[in-house]
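Read from first to last, the chains carry the letters A, B, C, D and E; within each, the first residue is number 1.
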Amino acid sequence: MTKEERIDNIKRISGTDVRKCMKCGKCSGRCPAFKEMDIKPHQFVTMLAKGKIDELLESKAIWNCFSCMACVERCPRGVAPAAVIEAVRDTVVRMQGKNGLKAEEIPPIVDELIPQQLLVSAYRKYNK
Amino acid sequence: MQRIGVFICWCGSNIAATVDVKKVAETIKNEPGVVYSENYQYMCSENGQQLIKQAIKEHNLTGIVVGACSPRMHEATFRKAAEEAGLNPYMVEIANIREHCSWIHKDMDEATEKAVILVRTAIAKVKLNAPLQAGESPVIKRALVIGGGIAGIQAALDIADAGFEVDIVEKNATIGGRMAQLDKTFPTLDCSACILTPKMVDCAQHEKIDILSYSEVEEVKGFVGNFNVKIRRKARYVDETKCTGCKICMEKCPSKKGLNTFNMGLNPRPAIHIPFAQAIPNVAVIDPEQCIKLKTGKCGICQKFCGVGAIDYEQKDTFIDREYGAIVVATGFKPIALDNFNEYGYSDNKDVITSLELERLMNAAGPTDGVLLRPSDGKHPKVITFIQCVGSRDTSGCGKPYCSKICCMYTAKHAMLIREKYPDTEVHVFYIDVRTPGKNYDEFYRRAVEQYGVDYIKGMVGKVYNENGKLMVQGSNLIDNEQITIESDLVVLATAIEPEPSVRKVATLLTASIDTNNFLTESHAKLRPVESPTAGVYLAGVCQGPKDIPETVSQASACAAKVIGLLAKDKLKTNPCVAMADENMCNGCSQCANVCAYGAITYVEKEFRLGGGKTEVRRVASVNPAVCQGCGACTVTCPSGAMDLKGFSSKQIMSEVEAICKM
Amino acid sequence: MQDVTTEKKEFTPNIVAFCCNWCSYAGADLAGSSRLSYPANVKIIRVPCSCRVNPTFVLKAFQQGADGVILCGCHPGDCHYVTGNYYTRRRMALLFNFLNYMGIEKERTRVEWVSAAEGQKFSAVMNDFVKTVTELGENKRLTDLRVKEGE
Amino acid sequence: MLKIAKERLNELYAKISESMGLFIPIKKGGEVNYHVWGEGKEVSLETLKTVKSPKNMFFPQTENMMKFKTEGKNIEILEAGIRKQGDELKPFVAFGVKACDYKAIEVLDKVFLAEPVDTFYQARRNATTIVTLACSKPEESCFCGVFGIDATNPQGDVSTWLDEKYLYWQANTEKGETLTSLASELFEKGGETEVEAQKTSTKAVLAQLPFANLDLSRFKPENLNELFDDTRWEEMSEACLGCGTCTFVCPTCQCFDIRDFKTNDGVIRYRCWDSCMYSDFTLMAHGNSRTTQMQRFRQRFMHKLVYYPSQNDGLYSCVGCGRCVNKCPQNLNIVKVIKTLGGKKND
Amino acid sequence: MKDVELKMLERAKALLESGEVARVIGWKKGEFIYDPAPASFETVDELKDFVYNWFCGANLSKYLIQASKKEGKTAVFLKPCDTYSFNQLVKEHRVKRENIHVIAVECLGKFDVAKIKAQGVSSIVDVEVQNKEVKVKSFGGETVLNKPEILLTKCETCQKTHQVKDEEIILHDRPERDVNRFAEVEKLEAMTPDERFAFWREQLQKCIRCNACRNVCPACSCVKCVFDNPASGIAAKANDDKFEEQLFHIIRAFHVAGRCTDCGECSRVCPQNIPLHLLNRKFIKDIDGLYGEYQAGETDEGKTPLTSYTENDIEPTDAVNGEAK
């Protein structure tokens, strides 16, 4: 996969239009993991827009994001920074090959109220 | 018998280079009905027009076709020429052989052939043209201004100064509008009341202006020059003619716990009240929801104390009908509700306030007599944080997609005034962009930063929460790429503004169109910005789009100029290409009226003769030519074909179709 | 000018285009002044608004031997007459669907929104429409044979 | 008398079609009407009443009369109707015409072939050989007998009878003989007994029909004014929609309108059926002279039962085919008129 | 059915006798059981010919255009399907509501005499209905037919209920029916364009332009129809060309689109049995599908789908290509 394809792929997975961002920073304004993140939520959006994905793929922030969706909730433009972070994380995981979580390791009782995306991303994060 | 003249223009080489103009003129000579066909270099020139005029006279032409550029270019020119030669101007048709032919085709044979067809098509149409006369309708020399804010006041004053009668209909008990609530105005920082109240007084004293406060428009009939408006005068339970504004009733009223809406609900007010000291008219009004007498029948204290007997609990809404030639809509705005923005904690924290509330808190006539005290405990706030773009530029569905335009400037104003009055106060402003186009505007904003040391933070607030009595404002600082939390005493939200909701009803009454944000639509965004698409209806102020006071006032004056221009005429010439119903065929089914965007169609009962001396009364459509704009929507809706459009009749268009298909 | 001997009767469709005065006719003017060409067999009839176009006109055009009919108006929401093209949109959606139901080729009819600024679009639309109709061939299903008698 | 087996009828049709046009009741789109025969067409001789009557063959619903060619300012008359390029009209056969419809042609002849002769109609009539077909299963809406028509024994160039097995064939005229000779090899002799038997049994049915005893005695020229002024027209016509169904299915209605149609290079002048039931019938400068539906309704029946007979030696221009009885959307018809205004024989 | 008829007769008599109404519009006996004609009764005496039976298929609502102009009130018997037409006529100001007294009457479907005759039964004298069985008495004896097979086409898919009534006469329960009235339309839609064209070509070729469909149609109540008006540019008396058959039926269908209540009278009266209702139903189906369910004549006020719009209506191209949202 070329870099361009990868950029497109991340954009596609995230399902968000990064050009809609007006750079207000509200996402980072409320991010509970802000301090731990080397690249901030708003930067994920702008950097993806600029195609700077090498840094993103290297970033530690993707493992620090709680996927709490506060940024998605707050964004006045309907951009979803968490989805971008998730897409980057997803890409990184895919690049690592097959070491995903096994089905039998999934806890038998899962709280229905937990967002699906949070669960999925949690599996990815803690399964390295 | 038709005598058609055809004039083919070369347009220099614009047409002649690709269309064999001589051949076109020659071929067309053989068309039935054509008695004259000529070509010339520039038909639109003085000489060209002379040629046309001469031919009309010499050959007794009954209709002419000019094969030239787009009718959007010179139709008016040739119509005028025809009229000067004694031919009805609507007996002119243009065949567009430049934009639609010579300029887009390269092959001469092909272009020439097409030009012939286009000219034939125009001939086919002109043969069915009928001489049309522009109609006339009288103009009632009186204007209605809906809304008594600064926009309405300015428009009314300008119109009245030109010598025309104006009525201002204001739904509140006083005129003055939002501007009356403001403390100072940017960028000059003059006191809002100081510049507004004299204008309000001018209105009240102007012999040509009639202020109908506490009133609403109920019904609008008629059309440009001839509007018929029904106005509801709401019961204020106080006789306007008797009340002297002495305020004794306000003192004595036992029901004092109402929200003072003028002060944005920041302090209480009695059930009977005068909205504010400089109210015009300076007459009390009773809030029926709050008044003990009106709710329970017991009390009547104000009546007892009123020295002039102005109190009348029996008062009912009354209606008046007035006629107007023009209507100005100036219904203004309100800040949006913040229900969708829990993150700013507006409803949970008394000390999170909107900018308009801050205006009242800083106003000398406000609840705190102009001393900035925070609502929760009446203490001086030491740290104040402003948040901009609250609900503006929001496409997530929670707020408004547009920029509210005024917030950047008033936030700078607030920040500056606070720093000036209370230098020990720390002021922070979270902003996304600072937008300050306008004379002395950016200078003003920079002054706040450079002279008054206001802390502008590029970034947005994610949450405001209360921790141990402090308002914690957590947001991003994008320049430093950090997340910060500011411990504040007061948080001020630059809340987005939206059109006053009552504008929807007004727009419906006026058949004026409204956009998805409830702003009234102007006739043309650039060239007719103060006119609504409904003739005779003009737009001033924020009802048309966000704008500040100077812009509002300019627009109001522009409206006034338009209104004066209209009212100065005794009669209006109307577009003769309007719909017309053939009474003999009309079924009276009302389908046409359903699609008319202008309300131009009404129905009348008419008696028709049947055979054998019998008559029948039928309901038939009647088009008001002064209101009809000539779109033709009705003609297609009419199943019987009773409705037709002059100048673009069904027969004309069908004969054009025939001519085109005849190859 | 042209070599007459090579003239082979190739099918060139006859297209009637109804354009509203305020947007699409102006768009066609712009296409002209920008010298954006489209086939000469497109002939434009100026109407005040696309809502002036009666289904009868469309059928009349087909009767008289037109091979394709296209309506152009202001973009929905931009109608000079506020709501005219909204009605056009409904009427033509239903009419075209109905013609299709009667077995008349749906490609012969079209509605396009062309603003006064879209000269480019006007030209592109016309080129595309002519191409589509040319591929379809002559209108045989909705024509009055009498009009072509004696040809 | 000749006969031909039903299975061989197709051969007969094919044979006739070789040299002549053959119009015959054919089922198309679910309805039976006269159409030109062709291989594979579904012929339905058994159908008692075609929707449209055979008058269509001589007096088509629309017919071009002439063409004008225009070029520039010149007008040229190109052709006049039937006599296209000076050709004689190709002879054709009208096959399966019932007795009532055959009688109707006589009614039409008196109109179109009287001076001034309608040459379009005449050319078609001359070119036709009419093969009639006797009815064997008349229906309750039939009342041809009232007008003296014998449904079991129709006239025409050839008369035929149909039973389960055979079509019986009897040439009556020279034209008929010529037609017979075209396909002589297909016929065999015989059938007189079967035909007679059929006549007898059908006549018995005819006598039983509900309308067999309609009394026409009051419809005489001398009663014209009285009938015209009868007050009951109003109630009789009340439900009339003013559609033209009755006139268009009627075998004797003969009104037409002449109109122009603009073509690419000229004008076609054509005529088409018209109906006195229409408000735009015989438009004059001031409009239709009959302004109410009652007047139009009255006109139609007065014409059938009074005006026409008064000019044609008592020949009614109704033949009792009963099409209008079956087809009127609101169940109005000439029988109801006859019963209301006429006498009541045996009733 | 007899009991319904008696009840109706009783009401008609009472209304006329009391002077409450000046006339009653109903059906009048014909020559047979199957040819009752619409009629107006002004005296009790005239009511001797009153009839209501299985063959009273005609929709009486259109007669009210004229009746409501007459002096005095007019009472009318309306079947469920007729009430939709009535509402539509009131909505279009063609009938003055205040001059009409509507008596809603029961209808369990009406019979098509042609369909009975097509089954070989002629000289019908009486019919007796028991559920789905119809005993047809004729000169030839008694034949038992299946009721659904002899219903008028318009009754086959009818699910209509009374939408307007001043009083009602209903003595039996209406059977609940769950039928897809668009089944035939869908069948056509599923065909190829060529097949559809061939289908309509064959059907419309039969048209004799008698105008029965138009003249019976309650939605076609124009003072002067465009097809009768030389000034309209499309006037024609008879089909002179295949095109004109199409033109007439397309334009007619378009003119009644959004107003047609699907009363089915057009198909009932067509002498050539062209399934004209399938034209109107296509419009109804498209309107339902593209702009939301709409039943013309359900009320007597409001705009029709073609005189209203939304800002996000489907584009014509998408509609034709079946990309309905």
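Note that a contact is a pair of C-beta atoms (placed from the backbone, for glycine too) under 8 Å apart; a residue touches a chain by one contact, two chains touch by 3 or more.
This is a predicted model, so every value here is computed, not measured.
Shared contact partners of chain B and chain E, listed by label: C, D.
Counting hops only between chains that touch, chain C reaches chain E in a minimum of 1.
Counted as hops between touching chains, the shortest connection from chain A to chain C is 2.
Taking each chain's centre as the mean of its C-alpha atoms, the one that lies farthest from the centre of chain C is A.
Looking at A-B and C-D, the interface holding more C-beta pairs in contact is that of A-B. At the centre of the protein atoms shown, by the Cα-centroid criterion, sits C. Centre-to-centre separation between chain B and chain C, using Cα means, comes to 35 Å.
Centres computed as Cα averages put chain A at a distance of 85 Å from chain D. As a whole-number value, the distance joining the C-alpha centres of chain D and chain E reads 30 Å. Once the centre of each chain is set as its mean CA position, chain B and chain D turn out to be 70 Å apart. Annotation for chain E: residues 224, 226, 229, 232-233, 240, 306-307, 311 touch two or more other chains.
Across the assembly, chain D contributes residues 261-262, 264-265 that each touch 2 or more other chains. Annotation for chain C: residues touching 2 or more other chains are 55-56, 60, 64-65, 83, 87, 91, 146-147.
Here the touching chains pair up as A-B, B-C, B-D, B-E, C-D, C-E, D-E.
Note for the complex: chain C touches chain E at residues 55-56, 59-60, 62-63, 76-77, 83, 86-87, 89-106, 109-111, 141-146.
Taken in their complex, chain E has these residues touching chain C: 185, 188-189, 193-201, 226, 232-234, 240-244, 246-247, 250-251, 253-254, 257, 279, 282-283, 286-287, 290-291, 305-307, 309-311, 313-317, 319-321. Across the complex, chain A is touched by residues 343, 389, 393-399, 432-433, 458-463, 474-478, 481, 483 of chain B.
Against chain E, in their complex, chain D makes its touches with residues 28-31, 33, 51-52, 61-62, 139-140, 208, 210-211, 235, 238-239, 241-245, 247-249, 257, 259, 261, 270, 272-275, 278-280, 325-327, 329-332, 335-336, 339. Put simply, chain B touches chain C in their complex at residues 70-72, 96, 98-101, 103-111, 113-114, 117-118, 121, 513, 521, 533, 577, 595, 597, 629-633, 635-637, 645, 648, 650, 653-654, 656-658, 660-663.
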